[in-house]
Amino acid sequence: MNLSGSKIWSQFNRIIAFMLIIVAAYLLVPRFLSYTNIVNLVRQTFLLTLISYGMGLSMLVAGLDLSIGSVAALSSCLAATFIARENVLLGILVGLGVGGVCGLVNGMLIAKFKLPDFVMTFSMMFIARGLAMTYMQGESIYGYPKSFIWVGKSFLGPIPTPVIISALLMAVLYFFLNRTTFGRALYAVGVSKEAARFSGLSVSKKLIQIYSLSGLLAGFAGLVYIARMNSAEAEMGVLWPLEAIAVCVIGGISFSGGEGNLLGLFLGGIMMAIINNSINLLGIPARFQDFFVGFVIILAVAIDHYSKRREAGG
Amino acid sequence: MPESILRVEKVTKAFPGVVALNRVDFDLYPGEVHVIVGENGAGKSTLIKLLSGVYPKDSGHFFVDSEPVEIDSVHKAQELGISTIYQELHLVPELTVAQNIFLGREPRKKGRFGLLVDKGAVERRTQELLSSLALEISPHLPVSALSVPQQQMVEVAKALSMEAKILIFDEPTSALAEKETDALFRIIRVLKERGIGIIYISHRLEEISKIGDRVTVLRDGQYIGTLRLAEASINDLIRMMVGRDIKDQFPRNYREPGGIALELRGISRKGVLHDIDLRIHHGEVVGLAGLVGSGRTELARVIFGVDPPDSGEIRIFGKNETIGSPMKATNLGIAFITEDRKGLGLFQALSVKDNITIASLRHLFPNGLIQPSKEQTVAEGYVNKLRIQTPTLTRLVRFLSGGNQQKVVLAKWLATQAKIFILDEPTRGIDVGAKQEIHRLIDELVKEGTPVLMISSELPEILGMSDRIYVMHEGRISAEYSRMEATQEKILQSAMGRYLQSPPVQ
Amino acid sequence: MKEKLGLKITGPLMICIAVILFFSIFAENFLSASNAVNIIRQACVLALVAFGQTFVILIQGFDLSVGAVMGLTSCITALLMVKGMALPLVAVILAVMVATFCGFINGFITNYMGLNPFISTFGMWGMALGIALVITEERVIFGFPDTLRVFHDGEFLGIPLPLIIVIIIWGILQFFLKSTPYGIATYAIGGNPVAAELSGIPVRFQKTMIYTFSGLMAGLAGIMFLARSNAAQAVDTIGYEFDSIVAVVVGGTSLLGGKGGVTQTLIGVLLIASVRNGLNIMGVNSYLQLVFVGIILILAYLAESQTSTLSGNPIQNLWKKLFGTGADKG
Amino acid sequence: MKRSISIICVTVLMLLSFSGLSFGQKAAKDMQVVMIVKDLVNPAFIEMKWGGFAATKEHGMQYTCLAPEKYSVDNQIRIMEDLVQKKVDAIVLIPIDGKGIVSGIERANKGGVPVFICNTRAEGGETLGFAGIDHRIMGKTLGEYVGAKLKGKGQIVILEGTTGASTAIERLEGVREALKKHPDIKILASTTAKYNRQLGMKVMEDLLIRFPKIDAVIGINDAMGLGAKEAVKDAKRMQEMFIVGMDAMPEALDAVRSGELMATVDANNFWQGFVSTDLTCKYLLSKQMPAKETKIGSGIPEVITKENLERFINFKAERYKKYGLKPI
């Protein structure tokens, strides 16, 4: 990552803010730093980042993918039918495939027909959810073979598998963003689609690839989640888009594209996890939660915004 | 002689890396057209921006009606009766002509707390304005439905509606055809009769003698002098404009050019290009002169695959190619340094390193994996080679000076090992020192046998750098000169459409 | 006159007509006066909130908070009335003032602190919802004099009152957009901010006012919602933020700003309401309904963009299509 | 003489009345009964849907089941309005919220469409009647079971339903009411997981950290119970506590069999749907108002544990077979 200028600054602020939050949580929240809770925090953090990768990528190209939750639901429900029949591999393939296809449709219409990403992914959100619910008819598909459950539930040493999976994915994406020509082109497209075009890059191809990838990741996240729940249902991931946007935004991935990185996204994930975790540990009634989260998001973004402004000024 | 409505005394304005205006004087009388000429970067547009309140001046004084004034904002300028008609028009496409003209200053209905637009009045006054300018434009039409010259007229009408006493035209005819230009001049005369003072910026030396009363020449931000156009000849002006010793500014060592690298045959594109034939040999710089809007940039875009040609063929290294996209062009080894450096040339929010390598990553790392060390060395190599002044490779490119930014763009294309270079206004708006270095780079390019097509509005640059020169006029090649026979006069005349047929050099 | 009402044969209008034809044939009793009234009654809430959203989108903005703000408004009103506020009108006014204030905060944060509207209004969404949940203790507020219901169920000369209200407000807004400097400025800000600035329009202030107005409309919608269900619940209006954006976009107001208007929105609202109503009458599984809505949204947008690229300045459109979406308005 | 006249009059009257009846009578097969459920995601309502289906099948009437695509009273009201337009013969309604729905019922009344309320009481409007096991009783039953199981002593946590939804409130009130009888049972925490499985798991994970010692977890629906179960399993604390849920959804039954769930409560959902619809159909055929309130089975929900599990499942399977439905 080219940690240059504003990036260093914003990360700096984010890390400081993050320290402050931890200290506050440590002082206020009982057993916050107990071993079990740390494991728990780590797990929840990585599960949050897991659902945010796709959103983050689409935001890097100045886009948005509101359909991740619904796509995850659709793909994992279809996948579950096979997995429950002991057909794990096929199931996983189906899950990823469906996710990828939904993403591909998003990308095609956005890149070729110039639909605003908001309109397209928002419609896809409806469509995928509707299909999932019609397919499931309220049933839930459960009882998977051990081999699959392992993905979501077991531990490697002290570390839960989903954490490892998400961490590996993050590593892969990090490599992909910073060490591959594709990742670099991604940032370029995000900064300026026209300049990218005039540098001989194929913008529409990049967009299609990104949205497909986002769909694929949604499908993947869906699989991990059903493995964790040991059950698939059509209602899954209703809140994902908003959670993901929150994580990305707190993580300093800007809507204008081309700015932000996985480190930020990770920090954003940690912060969201801590907030939710603290709310439950403190026993704050859930009715305060929405208020709290909304407030924190605005705060985080405002800080970030001003740090950037100052950096630009100085 | 009446007293001046506008006087500028010893005004100075500096930008990082370049002094745009240095103690410049200027004055304007009611009912006169005062032309300002000068090469790009001479400081014309800076002066305008100071007068219209876009930039604050560093030092010096402005007097309106011999009252000292500070022009610190666009609104202040408008209050003082100064309005500007920029090259890029500031109209709202979705609104109607009338709405645009009175935008923000709509006459209100009496009573009803003056809350409502008096549509009747708007329409009536718009109609009056338009007919006073003898324009047949319906006030109800949305601006998006108008042609560019019509939109310009709407801007003029808008300025008049603001009771402007001083009207500034910035390259108004750059986008206009011959007839439209006449229409504009007719209107300018109408304005003169009303005693409005007009500041008129133009490259088109010929047309200014048609319309102007006096002319002031700027060069490199210096005030050179003011003449009455009645007494001045085009050649005087050119001498004053160019006036510097060209040799050391343009370090070129000429060699015998090689075989044909790029050849265009009968390239046409509806409305902009007509039947263009053009050849570039290995190891030669081909200058492409012509007025703004004569189709030079359009031609470059066609070669780079941005806009496809309607007819004609492009031959590269003897092979017939159809270039559908910039991507294809880059793969063929064509490099295009655009005139719009900020918008199209650079990724403002990316670092110097990333900007340098972005176009060549595919060649540097065919397997798609970036080796940071290698990338680093490549970027460093070009930073040193081109003497790009930047604290670090990770500095955001937007913080660099114009000259260094342009060098970054060059580096980007050098890194792609491009085999053909198209440079569109390569030295626009950068200071003299940097200009020279870029010229040296161009020379080194051709030394290695790379063919270069250089578009420029600066005649000295064209003359100083090119082996051969094509001149364009209204989408056609109007003349071709060898280095020997080319002179500023000849080029200007062909650029203005006086076809001087000369035998193409072999 | 045509131009005055902003009535043009747009893509959405065609699709709307097509949909109505379709249901008239395949859904029994769809085409009946009483069902028309029914659809109107159902659409009125959405219409009101979508009007506000239209203005925000016209200036290249977003207001995700309206759903929560509606809930907050209806809850406050209901609570005040349950607590025996003598005049329901007072309760209504107070609540709407709160909503307007929320809108103002949105506008302030977005335009003076320069945050992306997506963030600022989403934050407001969370806060408004939170407050509503807290003051209602998560319960349904119920059992107050149903004086308000007249707004929804009432009739005047046989015309349903909500329709009259919506039409009046639509008339005012249409007039405002086309005939007042502020309306024209709204289009200017959306269409070419630089030109607006150069023409001496106080862009920031006007933008802030428009967000405030969106809050106001959300408030009125909240009241209408209360009049409709006669019971208030914090979470019941959640979802209107997206429904309203959909209605606006489907109607053909461009997400890139400067193009469209309340008339288009009215069409969008009508389209969505008819689709829902028709599918219910046909007894279509409500989850397939989601799919239909999604597809119709895409179609309507495509139809709009096709018709709009024919008229207007294609370069402009292209430019906007390339750069407009997802651009940071902060 | 007099008598014969009177006889004639009577016969004529009778004939008239009969003919009158037969004229006004619409054939059963043309009658449309529509059930509106809260959603078609929760199996409880799907069972009710099938119950309604079975009942209408017996009377040979047309049957549709609709659900709002969004869990909101207003969408239910909207559907009712549309059905009034469609002029259906009767609506069997399962209100998302007993208070919020009232205006919807009143609209149906105005439109002359009879409404029968199932499962969740409505607090206003004119209805044919109510059949169903109300959620307060379900909660109460579960609470009592837990109380007995803990022998009146222990620490528990409660996972509440969607904030503000009337079922959530009533079930919770039922549970708390029952637990009042056991002063030694301490409610450590009572927080919402929005009837949602994922949240159930997430919230439970945090609660497990907050409380070192928990004896029982009450999820006021199975989804949350199952979610919580996953969390407890991951924390390896299954021995320490037992978990109960509500609604007897198939997955929960399997969990009961495997002992991961201690118990779930069956509200006889299929039967609720069946009875309500059946009464509605009967009303349509013979315009006699059903009782204001009808008991479902014993009127008391059944707590399903390992002991009665198989019996319950078989009973359910037979019932489904009887009406030619695929057993869920």
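By written order: A, B, C and D. Residues from 1 in each chain.
What we mean here is this: contacts are C-beta pairs under 8 Å (C-beta built on N, C-alpha and C of every residue); 3 or more make two chains touch, one makes a residue touch a chain.
Every value quoted in this text rests on a predicted model; they were computed, and no experiment measured them.
Q: Among the chains, which has its CA centre at the largest distance from subunit C's?
A: B
Q: Count the C-beta pairs in contact for C-D and for B-C, then report the pair with the higher count.
A: When the contacts at C-D and B-C are counted, C-D has more.
Q: Could you work out how far the Cα centre of subunit B sits from that of subunit D, in whole Å?
A: Distance between chain centres: 75 Å.
Q: How many angstrom lie between the centres of subunit C and subunit D, each centre taken as the mean Cα position?
A: Subunit C and subunit D have C-alpha centres separated by 35 Å.
Q: Distance from the CA centroid of subunit B to that of subunit C, rounded to the nearest Å?
A: Going by mean C-alpha positions, subunit B sits 45 Å from subunit C.
Q: Once you find the CA centre of subunit A and the CA centre of subunit C, what distance in Å lies between them?
A: Inter-chain centre distance comes to 30 Å.
Q: If a residue has to touch 2 or more other chains to count, which residues of subunit C qualify?
A: Each of 133, 138, 285, 287, 289-290 in subunit C touches at least two other chains.
Q: Quick one: which residues in subunit D touch 2 or more of the other chains?
A: 40, 69, 163
Q: What are the touching chain pairs in this one?
A: Listed by label, chains in contact pair as A-B, A-C, A-D, B-C, C-D.
Q: Which part of subunit A faces subunit B closely enough to touch in the complex?
A: Spelled out, the residues of subunit A in touch with subunit B are 2-6, 178-182, 184-185, 187-188, 191-192, 194-202, 258-259.
Q: Spell out the part of subunit B that touches subunit C in their complex, as residue ranges.
A: By the definition above, subunit B touches subunit C via 74-75, 78, 90-95, 99-100, 103-106, 108, 115-117, 119, 140, 142, 144-145.
Q: For subunit C, which residues are in contact with subunit B within the complex?
A: Subunit C reaches subunit B through residues 3, 179-181, 184-185, 187-188, 190-192, 194-201, 258-259, 311-313, 316.
Q: Touching residues of subunit A toward subunit C in the complex: what are they?
A: So the residues of subunit A in touch with subunit C come to 59, 62-64, 109, 113-120, 122-127, 129-131, 133-134, 193-194, 234, 242, 245, 249, 254-257, 287-295, 297-298, 301-302, 305, 309.
Q: Would you tell me which residues of subunit A are touching subunit D in their complex?
A: On the subunit A side, the touching residues are 30-31, 34, 36-37, 40, 43-44, 130, 133, 136-140, 142-143, 153, 160, 225, 228-231, 233-236, 276-277, 280-281, 283, 285-287.
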